[in-house]
Amino acid sequence: MIHPSASVSPKARLGANVSIGPFTIVHDDVQIGDHTSIDGFCEIGYPSPLAQGLPLVIGAHSTIRSHSILYAGSTFGDKFITGHRVTVREKTTAGVNFQLGTLSDIQGDCQIGDYVRCHSNVHIGKMSKVGNFVWIFPYVVLTNDPHPPSAVLMGCEIGDYAAVATMSVVLPGVKVGRGALVAAHSMVGRDVAPDTVAGGSPAKYICDTSKIKLKDGTERPAYPWTSHFQRGYPPEVVAGWSVPPAP
Amino acid sequence: MIHPSASVSPKARLGANVSIGPFTIVHDDVQIGDHTSIDGFCEIGYPSPLAQGLPLVIGAHSTIRSHSILYAGSTFGDKFITGHRVTVREKTTAGVNFQLGTLSDIQGDCQIGDYVRCHSNVHIGKMSKVGNFVWIFPYVVLTNDPHPPSAVLMGCEIGDYAAVATMSVVLPGVKVGRGALVAAHSMVGRDVAPDTVAGGSPAKYICDTSKIKLKDGTERPAYPWTSHFQRGYPPEVVAGWSVPPAP
Amino acid sequence: MIHPSASVSPKARLGANVSIGPFTIVHDDVQIGDHTSIDGFCEIGYPSPLAQGLPLVIGAHSTIRSHSILYAGSTFGDKFITGHRVTVREKTTAGVNFQLGTLSDIQGDCQIGDYVRCHSNVHIGKMSKVGNFVWIFPYVVLTNDPHPPSAVLMGCEIGDYAAVATMSVVLPGVKVGRGALVAAHSMVGRDVAPDTVAGGSPAKYICDTSKIKLKDGTERPAYPWTSHFQRGYPPEVVAGWSVPPAP
C-alpha cells in the first residue's frame, strides 16, 4: 500500500490500510487514520516552527489527491477529501467530511466546522472561522488585515449553511449570517444578515433567500438549499434537516 | 524518450516519438499521439469512475508542461499545448491547437472548439461551451449553478472569436456573442451581443467593438482582432480570415 | 545536502552549503548562491528559447519551497523566499529579499525592486514594473494588453511602498503612486496618486491614506505602514525609514 518511491518517516503514525502514492513524502509529525488514501507527489506534515511541535492529524477514510501539501500542526476530521494541489498551513482545525477543492489554499489558524465544502481555488486567510455545512465557491478570498500591511488580524466568520459564490471577497472581521448567500463577484464590507442575499461591489442587501426559486422547472424555493440538495451527505445528517424529501 | 523514473502503464498506447519526463505517471486508459512531449511530475489519465471507461486521448504534436494532471475520459486534438500545473477533469473535448495556461482548471463535461487560448488561472465550470478562436484571460471563471449549491447545471456559452478579459465571471447560462469583448473585472449576468463590449459589475453594454482603436500608434480598429493579431496561427487559417495583413 | 533522488545537471553552478530536495530537477543554466535551500518537486532553470541563453540566478540565503518552477533567464537577489508552486518565467529581475507567495505566477520580462512582498496567487503580467517595499495581496492581477488579444504590451507600474489589496486588477499602463493603497476587489483604470486610497470597480479616489487609522486600539495613523509594521525587515532598513518605533 506504500509505493516504493514514497518516502515515509519511521516516526509517522499510520493507521490500518493506509495507502501512500508514488513520490509522496510523509514527514515525522504525522498521524493518519485508518483506510486513508494519499496520492502521489504530496508533502504530508511539512515541517514548520509555527506548528509549535503539534502533529498533522488526518482522520480515517480520507482521500488526499495528488500534489497536495499539508503542514504539521493542523487537524482534519474523518472523511476529509481534497482535490489536487491543495495547501493547508499550520494550526487549522476542520471537522468531519471537509471537502477542499483543487488549488485551494488555507493560510493557517482557521477553524472550520463539519461538512464544509470549498470548491477549487478558494483562499482562506488566517484566523477565519467557517461554520458547519458552509459552501465556498471558486476564487473566493476570506481576508483578515483591515489596513494592509499590518499586524492586525481580524478574521471573517461564515455562518452555518451559508454560501459564498464565486470570486467574492469578504473583508476583515465581516460576518456572513447563517443561511445567507453572497452573490458572485461581490465585495462584502458589512455583515450579511441571516437568510438574506447580498451582492455587488460593494455588496448590498438584494432580497431574502426565500425569494429565490429553483430553476429546475418546479418553482420550488431554492433556499434553504438543504430542502433540495442532499448529495454527498450521510442519511442521518439529511434526516436531521427535517425537510421534505426532493420529489 | 521515456525517462527511467517515469511510470508508464503497459496498457497505455503511445505513438511514435513520444517523450515522457521524470517522475511522470501515465495510467492505463491513455492514448497519446505521435511526437507528443510530456514534462515531468505529471499525472496522465488520472482514473475516475466519472470517465465511464473512456480513455484520455491526446493528439499528435502536443506539449504538456510539468506538474499537469489530465483525467481519463477527455479528448484533445492535435497540437494541444499546456502551461504548468493544469488540471482537466473527465469528458471534456477540445479541438485542435488548444492552448491552456499555467494553473488553469477545467472541471469536465465541457466542449471546447479549435484554436482556443486560455491564459493562466482560468477556471471553466462543468457544461461550458467554448467556440473556436476564443480567448480567455487570467482569473476568469465560467460558472454553471444559478443558485448554489444545487444540482441544476446551466453552462455558459462563449462564441467564436470572443475574448473575456481578466478576472471576469460569466454567470450560469449566459451567452457571450461571436466577436464580443468582456472587459476586465466584470460580472456578466446577461447575454452579450455579438461584436459588442460589455463591462462592469454588473456588466452593461459599453460600445461596439468597432469603436476601439489599436494603441500601437496606427489608430487602426482593434477588432476584429484577427485583422492585426495572427501570431501562433497557421498560415492557412490566417488566409481564411480574409483580412488585410498587418503593415 | 543534495537528495539522492534529485537530478542536478553537472553544468549547474551551486554555491557552498546549497541543499536540493527530493525529486527536484536542476537544469543546465543555473547559478545558485551560497546557503540556499530548495525543496522537493521543483524545476529550477526550466529551459526556454525566450531566455536567450541567459542563466537563472538565485541569490544567497534563499529558500525555494516545494513544487516551484523557475525558468532560465531570470535573476533574483539574495534572501529570495518563495511559497509553494510559484512559477516565474524568463527575464524577470528581482532585488533583494523578494518574497513570492504560494501559487504566484510571474509571466516574465518584469522588473521587481527590493524587499517586495507578494502574497499567495498573485499574477504579474509581462513588462510590469514593481518598485521597492511594495505589497501585493492574493488574487491581484497586473495586466498589460489594452485590447486583448494583441501584440501591444503596456506594463503597469507600482510605486515604492504601495499596497494593492486582494482581488484587484490594474489595467495596462496604469501607475499606482508611491505609498498609495488600492482597496480590495478594485478595477484600477486610471493612475492612482501617491499616498491616496483608490477603490471600487472602476476604482475612484476615496481619501488620502493619512485618514486611515489603525484598528489596534491606538487610533494611530495606519499609513505610512512603515510607521507600525516592520516585521521581517532588517534593522538597518527600518532605521532608514526614520519613523518612531512601535510602542
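Letters are used for the chains, namely A, B and C, taken in the order the chains are written, and counting of residues starts over at 1 for each.
Going forward, a residue touches a chain if its C-beta (ideal position, glycine included) is under 8 Å from a C-beta of that chain, and two chains touch if they have at least 3 such contacts.
If you're wondering where the values come from, they're calculated on a predicted model, not measured in any experiment.
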(request) Look at both sides of the chain A and chain C contact and report whether the same residue positions are involved, with over half shared, or different ones. (result) different
(message) Fitting on CA atoms only, what is the rotation between the copies chain A and chain B? Please report it in degrees, nearest 5.
(response) 120
(message) Roughly how far is chain A from chain C, centre to centre by C-alpha average, rounded to an integer in Å?
(response) 27
(request) Two or more other chains in contact with one residue: find those residues in chain A. (result) 23, 41, 67, 85, 103, 121, 139, 167, 201
(request) Please give the residue numbers of chain A that touch chain C in the complex, ascending. (result) 7, 23, 25, 41, 43, 46, 67, 69, 85, 87, 103, 105, 107, 121, 123, 125, 139, 141, 143, 146-152, 154, 167, 169, 171, 186-187, 201-202
(message) Taking the touch rule as given, give the residues of chain B at its contact with chain C in the complex, in rising order.
(response) 22-23, 40-41, 66-67, 83-85, 102-103, 117, 120-121, 135, 137-139, 163, 165-167, 181, 184-185, 200-201, 212, 214-216, 222-223, 225, 228-229, 231
